[in-house]
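In the two assemblies presented below, chain A is common to both, partnered first by chain B and then by chain C.
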Partner chain A sequence: MIELIELNRYYDTQRERFYALKDINLTINRGEFVLLNGVSGSGKTTLLTLIAGMDKPNSGIVIIEGEPIIKLPDQHLSKFRNQHIGIIFQHYNLLENLSVYDNVATPLIPMRLSLKEIDKRVKESLEIANISHKASSLASSLSGGEKQRTAIARALVTKASIILCDEPTANLDKANREIFLKILERLHKLNKTIIVSTHDPIFNDLDYITKIVHIVDGKIAK
Partner chain B sequence: MEKSVSSPFIRFLLLNFFSEKSKQVTVILFSIIIIFILSSVLFISSSIHHSIKEALQAQPDFVIQKMRGDKQIDISERVSDELIEIPSISKVTPRVYGRYFIKPLGKSFLVVGVDFFDVQSHRALEKLIDSTNLNNFFKMRDNMIIGRGVKRWMDANHYDNNLTFFTPKGKSITLKAFSTLPKESALVSADMIIVPIDTARKILGVSKRKVTDFVFNVPNVLEWEIVTIKVSALDYDLRVINKKESYKAYSEYFDFKGGFFLSMFLIVLVSFSLILYQRYSQLYSIERRQIGILRALGWSIRDTLKLKFFEALLVVFISYAIGVLLGYIFVYIFDAPILKNIFLGSFNIEIEPTFTPVVDIFLLSSIFLLYALPFIASVLIPVWKIATTNPKEAMV
Partner chain C sequence: MSSLLLNTNIAIFLLAEWIVWFVLLIAFGVTVYILKKWDFQSYTPVQYRLEKYAYLVMVILIFAFSMKFILLPYFIFTMDKISDIVPGAMCSAGVISFNHYGMKLFFIKLLILLFLMVWLMINHYDLDAKKYPWFKLKGWLYLVIFLLISVELYWDYAFFNDIDIHKVLNCCSTLYGLLEGVNPLPFGLDKTRLLILFYLLYIMIVLSTFGKQYFILSIGLILFTIIGYYSVLYFFGTYIYQMPNHNCPFCMLQKDYYYIGYLLWGSFIGGLFLGVTTIIANLVLGIDIQKLKILMVLLFTQFIVICSLYVAIYYIQNGVFLEPVKVEMVM
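This part shows the complex of A and B:
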């Protein structure tokens, strides 16, 4: 379960205080498929970043699986993120000079697993994300859709229970969007908690979405 | 690589390292140049120090000169009788030597007079020239043994084998080059001309009953201080120089004249500026993004620093091995062309020294630390700065 309590994230400029997120209270249960809707700059990505523990709020608490992650020191927070959260970025954020296989294996390095276990997990994830055939290709040589599927495989490889997707379809064509949605549906069936930040209308008609959160100017719209 | 490396971390480190070939090649090439220069300078310096030490080991423990008004003057042979009276001194050897100037050419040679009957001088010379030749040398009075620098100078000026000296009394003495001193001793003997002691007296204008200095040995180093006091007490004009002081003076001369410190300073300065350039140029943004991605994927600050530390260490080890090897070949096989002029360029005649290979753990560690520490620090400090920021910002 994810609990966000009285979350505030603001930036002070010389003239004023700018709130990226204000008074956010939200509970997401395990296995839910949550859509964060809102225009660009509304605060969706900031919310995802706080859930991922990549940024800290100015006030408020983020509790994931009963753990108040904000208070964790870096070593523990990184380990927590590594084991519980998989992230799919809008711009994929792959290590372009490495192969698809090695990109997917990257989150497993700090877990100190054996090469055999890493190989098993990477192959499973590549299979789920339907990108096994490109395992040895360099990330830099992939198309947008292939990069997206590599990013999905990387998010799955640690067996994370929470998958965060930041504008995942923004750079995909129609065919690749549909492939992506099918993979998400499969992940949902695996009881993963999925949070998608998007303003793409393609998500609106999905029948397996459990919650839609509208964010306007950093606040959750009633 | 996948099958041969059993640790996932090392496998990832090597994959990542070799996947950025162009970046690594640039950094390694630059590092090799720096380490090559650094090791060459240190090899030359330590070789010179070693040669001085070796040369001075064959020298007597004490040299006694007479000074008047800060100028060295000749000294009466009778002083040796007073010196021999001092306990701990058993044998005193008189010496005649001095600089012979050829004014029109702006050159000078060190003329050293050797007494055939003096065992100590004889033994010192035997270390340089084999004894059969040495006996022949002393049989013929008009012979001289010359340093390699003198030989080169004579050849270049078409002197054949003979050199004519003009004494202060206006007479001329022509000496024949009997033999040339070995290359190994060139650092201290390049401009030396060894002649029988009477010939040296004539060339340098030293009277019959006078010498330029006395030398003797005191085997017990603990007695050196008291011997110095006792000799000085004989005559306040006497100047007492022991072997340690000579070594110090020589070392300071080469350290200073050779620009050793200047070279070190320049190398460190160039290293820093180029490393900083590399860190803050276009490579910086790629590295920044990579660190952001790793952090977002759950790599801790420690994991990230560990990866970059070992990456930097790989660069340092590869560059160190190649750079030191090249430096060794450059100095000890090719005798450091061009670079040796920094150390030896101030000699009045061109010398062609052979650097004796001197490689010790301290020297190798110094080279490693002088390069590795600033390099690794310049890599890890920016990495640490990026790793502690929001990964989202680093990935942009």
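This part shows the complex of A and C:
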């Protein structure tokens, strides 16, 4: 379960205080599929980075699986993120000079698994993300959709229970968007908690979405 | 102001010490502020800000402390360098004994390094635990360290400023030389007993370390500090110099002896400090740190091996051991 309590994130400028997020209270249960909706600059990505523990709020609490992650020292936070959270970035953030297989295997390095286990997990993830056929290709040689699917495989490989997607369809054509949605549906059936930040209307009609959160000027719209 | 302060090595050393101190001064101010308001249970903006400051302070301290670990050997190297230009001094021994600041400066530097090692250990385990259980302890320890470093900085300046290059200094043979009828060894020991104790204490330290007998380890470390120092000074050192009457802890730091002193004393002091850190970790934090213990034993073993090798190599090459020649000092 994810709990956000009285969450605030602001930036002080010389003249005023700018709130990227203000008084956010939100509870997301395990296995939910949540859509964060809002225009660019509304605070969706800021909210995702706080849930991922990649940024810290100015006040408030983020509790994931009972752990107040904001209070964790860096090394524990990294470990927690590695074990519980998979992130699919808007621009994929792949290591361009590595193969698809190596990109997907990278998050497993700190977990100190055996080579056999790493191989098993990577192949499973590539299969779910439908990118097995490109395993030995360099990331730099992939199309946008293939990079997207590699990023999905990387997010899944640690068996994270929470998948965060930041504008996942922004750089995809219609066919690749359809493929992506099918993969998300499959992940949802695997009981993963999925949070998608997007302003793409393609998500609005999905019947498996359990919650839609509208964010306007850093606040959750009633 | 002494013209010696313009010596390149001294100028670099003092400048580096000033920079480190200035960085630590900033960390000191922030630490006092953090300690006053720290409440880990709180989720307020103030507490979050303090946690960010705490991280910043930690990064500053790790950088500054790393510099301090480098600056001690550089301080000794600097003293060695200026022994070339100060009349009478053959090595750092003469320079450090020139005025009353020298030895106490040297000891405060060692004490600070010990405290730094303890701080680094506490910091490591504080971060390793999820809720910063030793945050205040390491904060207060840092305040003490900063005060010691401030005193050290003043003594650094006072020590070098007080050296008059027109005065003749004592050389190491005057400071550590053997006088007829005087036994320089501690507890009335002779050399044979000193050496037996030297090796027995090493075995005692190793056994008590892995047997988790911390009281015995403490006694062993205290005794080994004394016995180890005198063993090197009045026995093993003579094999390093291959001169039976040359007793000096500093000459072996020179190029003529391949800077072996840095490795030898580094192993010895490093082992002692790790030993003390291990004991503190056990008594204060209740943690048994296997890695520190192994490192300590490795350093002491390296120290013992270096000492013993010099004797063994000398014996193999010459077929005899060194025997001191009795000399009478003429005053």
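In this section, the second predicted complex is superposed on the first by the 222 of 222 C-alpha atoms of A that agree within 3 Å, B and C clash if a C-alpha of one lies under 4 Å from a C-alpha of the other, contacts with A are read in each partner's own complex, and residues count from 1 in each chain.
Simple rule for what comes next: a residue touches a chain if its C-beta (ideal position, glycine included) is under 8 Å from a C-beta of that chain, and two chains touch if they have at least 3 such contacts.
No experiment lies behind these values; they were computed from the predicted model shown.
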Query raised in the report: Given the superposition on chain A, are chain B and chain C in a clash or a fit?
Result: fit
Query raised in the report: So, A:N93: does it touch chain B (first), chain C (second), both, or neither?
Result: first
Report task. Could you tell me the angle at the CA centre of chain A between the CA centres of chain B and chain C, given to the nearest 10 degrees? Result -> 30
Report task. Figure out whether A:G60 sits in contact with chain B (first) or chain C (second), or with both, or with neither. Result -> second
Report task. Check whether A:P107 is in contact with chain B, with chain C, with both or with neither, and answer first, second, both or neither. Result -> first
Query raised in the report: So, does A:K71 touch the first partner chain B, the second partner chain C, both, or neither?
Result: second
Requested in this report: Decide which partner touches more residues of chain A, taking chain B and chain C as the two options.
Outcome: B
Report task. Please work out whether A:S132 is in contact with chain B alone, chain C alone, both, or neither, and reply first, second, both or neither. Result -> neither
Requested in this report: Determine, under the contact definition given at the top, whether A:S161 touches first (chain B), second (chain C), both, or neither.
Outcome: neither
Report task. Taking the superposition as given, tell me the minimum C-alpha spacing from chain B to chain C, whole angstrom. Result -> 6
Requested in this report: Across the two complexes, find the residues of chain A that touch chain B and also touch chain C.
Outcome: 74-75
Query raised in the report: So in the complex, which bits of chain C are touching chain A?
Result: 40, 43-45, 48-49, 51-52, 55, 127-128, 130-132
Query raised in the report: Along chain B, where are the residues that touch chain A in the complex?
Result: 6, 8-9, 11-12, 15-16, 19-20, 289-290, 292-303, 390-392, 395
Query raised in the report: Can you name the residues of chain A that touch chain B in the complex?
Result: 45, 49, 52, 54-55, 74-75, 78-79, 81-83, 85, 87, 89, 93-95, 97-98, 102, 105-110, 112-115, 118, 154, 158
Query raised in the report: Where on chain A does chain C make contact in their complex?
Result: 6, 8, 56-61, 70-76
